[in-house]
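Comments concern the structure below.
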Amino acid sequence: MEPILELQNVTKSFGGLRVTSDVSLSVAQGSISAIIGPNGAGKTTIFNQITGYLKPDSGKIFFCGQDITELNTRDIVTLGMARAFQVTSFFPEETVLDNVRVACLSQKNKTRNLLKGVDDFKDATDQAHKILSSIGLEKEADRPAFELAHGDQKLLDIGIALALQPKLLLLDEPTSGMSPDERLLTRNLVKKLWKEFNLTLIFIEHDMDTVFGIAQTVRVLQMGRLLAEGSPEEIRNNPEVITAYLGEEVL
Amino acid sequence: MDISFIAMQFLSGLMMATLLFLVASGLTLIFGVGNVFNFAHGSFYMLGAYLAYQAVSVWHANFWLSVLVASVGAGIFGMLAEFLFLRRIYGRAEEGGFQILLTYSFILVIDDLVKLVWGTEYKSLPRPTGLTGTAEIFGLSIPSYNLAIIGIGLVIVVIAWLVLSRTRSGRIARAAALDREMLGSLGINVPLTMTVVFGIATAMGGFAGALAAPLRSVSPGAGIEVIIDSLIVVVIGGMGNFWGAWLGALILGEVNSFAVATFPEWASLFSYLVMVLTLIFKPEGIFASRKIRRI
Amino acid sequence: MSRSKYFCVMALALVAALVCSIPVYAQEKIIKIGALYPMTGRAGLYGLDSVDAAEMAIEEINSKGGVNGYKLELTNTDSKAKPDYSVMVAKRYITQDKTHFLFGVVSSAVGLALTEVSKQYKKIFIGTDHASTQLTTDKFQPYYFRVSNNTFQSMAAGALYLKELQQTKPWETIAYIGPDYAYGHDQWQELKYNLDRFGVKYKSVGEYWPKLFAPDYTAFITSIINDKPDILVAGFWGGDTVAFIKQAQPYGLFKKTLYFHPDAGGNYELMSAMGSELPEGLVLSARHHNNWPETALNKEYVEKFFKRTGRYPTYAAEGAYAGIYAIAEAVKKVGNPDDTEALVKALEGLKIQLPEDPEGFTSYIDPETHQIVQVQAIGLTKPNDKFPPAKMMLGDWKIYKAEDLLPPKDYAERLKKK
Amino acid sequence: MKKSLFNKDIIFWGLFVVVFGSVPFLKQSDYHLMLANSILIWGMFAVAFNMLFGVTGMLSFGQALYYGLGAYSVGLVVKNYGPSLFLPAIGLGVVLAVITSILVGLLVIRLSGVYFTVLTLAFGQLAWQITFRWYHFTGGDDGIQGIMPSGVLENHTVYYYFTFVLVILAIWFLRRVANSPMGLVLRCIRQNPERVRFLGRRVRRNQLRIYVISSFFAALAGGLMTGVTNSIHPDMFYWTTSGEVILMAVLGGIGQFFGPFIGATVIIIIQDVVGARTEYWSLIIGLIMMVMVLGMPRGLVGEIRGLKARFAPGRMSRG
């Protein structure tokens, strides 16, 4: 199968510091994979480059066969890529429904409309409700988003990304800051969404239960380099990874 | 245009630049360090001029002592304004907008308070003794007070450079310019730093006002003319950048001075022309300082 | 409600209460005068002086029993020197408060705006201080009267002065510096016009236009010195004059060049702001002087004003003082303040003895242009500490007869064509 | 939720039409008509301004540029070509404002936050200086007087109703914009511009759009105002004019669609009352502003709704 996303020798430095060092990888369509690595390994920086938020110093990025290295965020999103953030990112004063609905409207390219009310877009509203029920926030639809609990805000962030009907969804630490119970729920939810929306899904995660629980492929970053790549089983047994990262936690 | 006239106009421009810089440096300092845009900075300049007038004409103090009184007085008023009012809106959503509104209200209030205290007559000061005459350098006659101001301006630049590059406070100030939150994690008392920096900035405004008082006249509302010019200076130089303010003032002073000599009809438009050209080619100013948040 | 909220509401309520507790009008047989002087900003001093002098005149008249049983009453609203706001207030005066006269204004722009309102509502507008000549020439309308000299009269006197000077102390070159707006430009045009009219030969070597309220004139000064004019004519007003003279003096500008400032230069606020720093020998004039003429009326006026306010008046004050007396005289002639057309007739040609009239002259309002006709005196700065905090006052007076200063008949046409 | 929003709008529109519609019948004098007319025009200006500040989070300190442009278009056309062109001149002003706001917008929208504010202020001052300086064309500091609309509009009551209808249309239009998908995107831009970019929207493009829309109505306000005061002056371009409209918005409540209109009403009435009674108006306005910023950042309307929400069941929300 043709890869949906391909990175070729991507390199990025801040000042003298190499945050991404010659990273090449290829992500298969319909797969679910994880990126792990210690803090400061350059995981989020990779996401930022994939989504056009940062430009790599050298190297190329392909999405669905198209070179997107020089494109800006907006165009990349339009091509079918969406992202949720490590620090939850949403619209605090809007209702939960509107948070998702604005993404639905954007995806349908209806945001230039000046004179019709938001409520007049039935399809967008219906779709937003559908997504809310998929992520379990239907009950909260009319609350302003800032009132939600942290875990629900994380879900909302994912919901906004989903509403863009992406081919590729990037999740940056979907379970960070959650209690163990919430983590379990989220883990199951992510897996469910992956199937339900036919996504290709890449997530960054520190919680190893989540990583090894749902990822088909795991990639390990260390100091900007891609240290290892393989099935959860391979990674768990990779001696390099164990010394570099998993270390004491697993042993 | 002969060479001595060019030298003369250059010195005139330098003189104008120095006073502009003295006012603008305070404005840019508090913006650079504290991320506060103090729209009322000109009002502290005005307050400084009035305080100096009070000290010289009413209390019969020595001029230089009065300059000190004016700077300290304006600084104290500044710290009070920061401590009592501005502090309450830090971190609020749309902080920038509310900052401008709050400092705008300072302008309105200070203008009327000054009127209540000193009336509406124009106030001015005599030049300090010893500096009332004219100095001769290279065959040019320059008022000695003007030379003194140019000299003071240079001293301030050197002191500022030393403070910013060689002292701990300077490093704190520069660190704060990069990240206000980070300071807290370094164990620095951020609210206190903000109050002090605001005090220093407004004291610089008051200092400029006191120094300008023997050359100009003050009346209620004098702050507004000053703030607009300072604004042009910091926009040209790059907001929050100390050297930018210096360069901006220099450019503005000299451009104006030579515009007067060559195109007197249009001289008053040149400041704006320089500003618009800067904005078109370098919207962040010549010294794009700090990380400018571009959405 | 949280405490801070409660505090805020209280503060707002307090302000509201304070504001509403100040009374506006008492009810009686009253001549209502609606004034629009600026009380804030750079021209605030003139507004304050004008209101004080107008109220002084009103008290004088009312204490003698008023006019035909009517008491005078003045309401002033801060015009903020904003024409659009002033138009609103003027309409309130006329349609809501039923004032009989519009009164005042310092800014020419406000004057121009109000004369339109006056024309529209057929209410008399007494102009006391704004300088623009237009109001009595090309923008003339029958309900407008001006009770102080305009810039044309100052400049005509100035041109005559320069003509005489040429005979005693020959001069050739002249330069001009004035604020870069209508007032500054009008003065220069009018001076050149009058110099030509009186057949004065001159060569203009420079024109300089600093911004109004510019803080720094250094570059202008060095440039003027380079031009080496014999005469420097200045068209500033207020604080700008102070700043310019202060900055120019140490450059030695006044040693080589005669400083000549015939419209607003001789105003008292310059002397009071500069004290002993004001150089000697500058040629200045204004529309009223505290030490000229030495008539009993002028002395009494200046002293009364000083007693009342603790400061000596600027010329703006005398304009307002004259305006109130003009109104009182006109109402006395007509018998009531309501018959506007009769009041217009009464004001036309009205003669009033004013503090600024020298012995043997009485100011009068020209029936054709509605411009008051007055003497203009130009003087030199000389040491004189009788009017503290001033240390210098004007002296060595040259007096110019009122009739010589009026614009010729075709002048209004000329302006209109332009 | 939807229903209550609708109700609130109905209350506003009902009051609005009844109060302002009846002014010509209840007025005691021409002055009242003029006051009501200025409230309408400034109210529209403030609501349009708030689409920038309150909705999109862009504090422009230079909307006076467009207000003045609208006014001077009318003033200069009427002065040079006669009052019969009063209405086309308003149209001209609005078109010029759109063109200018696109050009200026492209320059200033490159920056955000305080930088944006300062740049807009700088451009406003530039326009003021040019108007002030270019006296041959603009009349300089003397301004232009005697600008009267022609025909039926010469009648004050007719002109009042003309403005009334235009203001209703303008506010209705802006209300639609606020409730439209674009309005939602604009609110999102204020709260989280980064995320909007990750929704595949162009942030600056949308900011430019609302900047142009807001400037359009600022120019309309300026043009209409000439018919009320009959005179114009460079001060219409001065930063204090921008400051006034900001104050109106903040006083009424920047988080409320109709708040700025209420703010304009209150400010104009305060100015009228305070101005008539004391020369210390700037102190009073300054104190009011200080109190609003420190204690009631949500504005009068926002605070009242906040209080109501506290005592009423259900939750309050912003917007």
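The chains carry the letters A, B, C and D, assigned in the order they are written, with residues numbered from 1 in each.
The rule is short, and it goes like this: contacts are C-beta pairs under 8 Å (C-beta built on N, C-alpha and C of every residue); 3 or more make two chains touch, one makes a residue touch a chain.
For clarity, every value in this text was computed on a predicted model and none was experimentally measured.
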Chains touching both subunit B and subunit D, listed by label: C
Work out which chains are contact partners of both subunit B and subunit C. D
From the centre of subunit D, which chain's CA centre is farthest? A
Which pair wins on C-beta contacts, C-D or A-D? C-D
How big is the gap, in whole Å, between where the Cα atoms of subunit A centre and where those of subunit C centre? 73
Distance between the CA centroids of subunit A and subunit B (whole Å) is 48
How big is the gap, in whole Å, between where the Cα atoms of subunit C centre and where those of subunit D centre? 36
For subunit A and subunit D, what's the span in angstrom between their mean Cα positions? 42
Where in subunit D do residues touch two or more other chains at once? 129, 133, 194, 197, 282, 287, 294
Each of the following residues of subunit C touches two or more other chains, namely 39-40, 180, 211
Subunit A residues touching 2+ other chains are none
Overall pattern in which the protein chains touch one another (line/ring/star/complete/other): other
Interchain pairs in contact, sorted by label: A-D, B-C, B-D, C-D
Using the touch rule from the top, collect the residues of subunit B that touch subunit C in their complex. 5, 8-9, 11-13, 15-16, 19, 111-112, 115, 119-124, 126-127, 132-134, 141-146, 212, 214-222, 225-226, 229, 256-258, 260-261, 264-265, 267-268
Of subunit D, residues touching subunit B in the complex: 53, 57, 59, 61, 107-108, 110-115, 117-119, 121-123, 125-126, 129-130, 133, 189-190, 193-194, 197, 203-204, 239, 243, 246-247, 250, 254, 280, 282-283, 285-287, 289-290, 293-294, 297
Residues of subunit B touching subunit D in the complex: 31, 35, 37, 85, 88-89, 92, 94, 96-102, 104-109, 111-113, 115-116, 228, 231-232, 234-235, 239, 268-269, 272, 275-276, 279-280, 283-284, 292-295
Considering only the defined contacts, which subunit D positions touch subunit A in the complex? 1-2, 173, 176-177, 179-185, 187-188, 191-192, 194-195, 197-202, 206, 315, 317-319
Considering only the defined contacts, which subunit D positions touch subunit C in the complex? 28-32, 34-35, 38, 129, 132-133, 135, 139-143, 145-146, 225, 229-233, 235-236, 271-279, 281-282, 284, 287-288, 291, 294-296, 303, 307
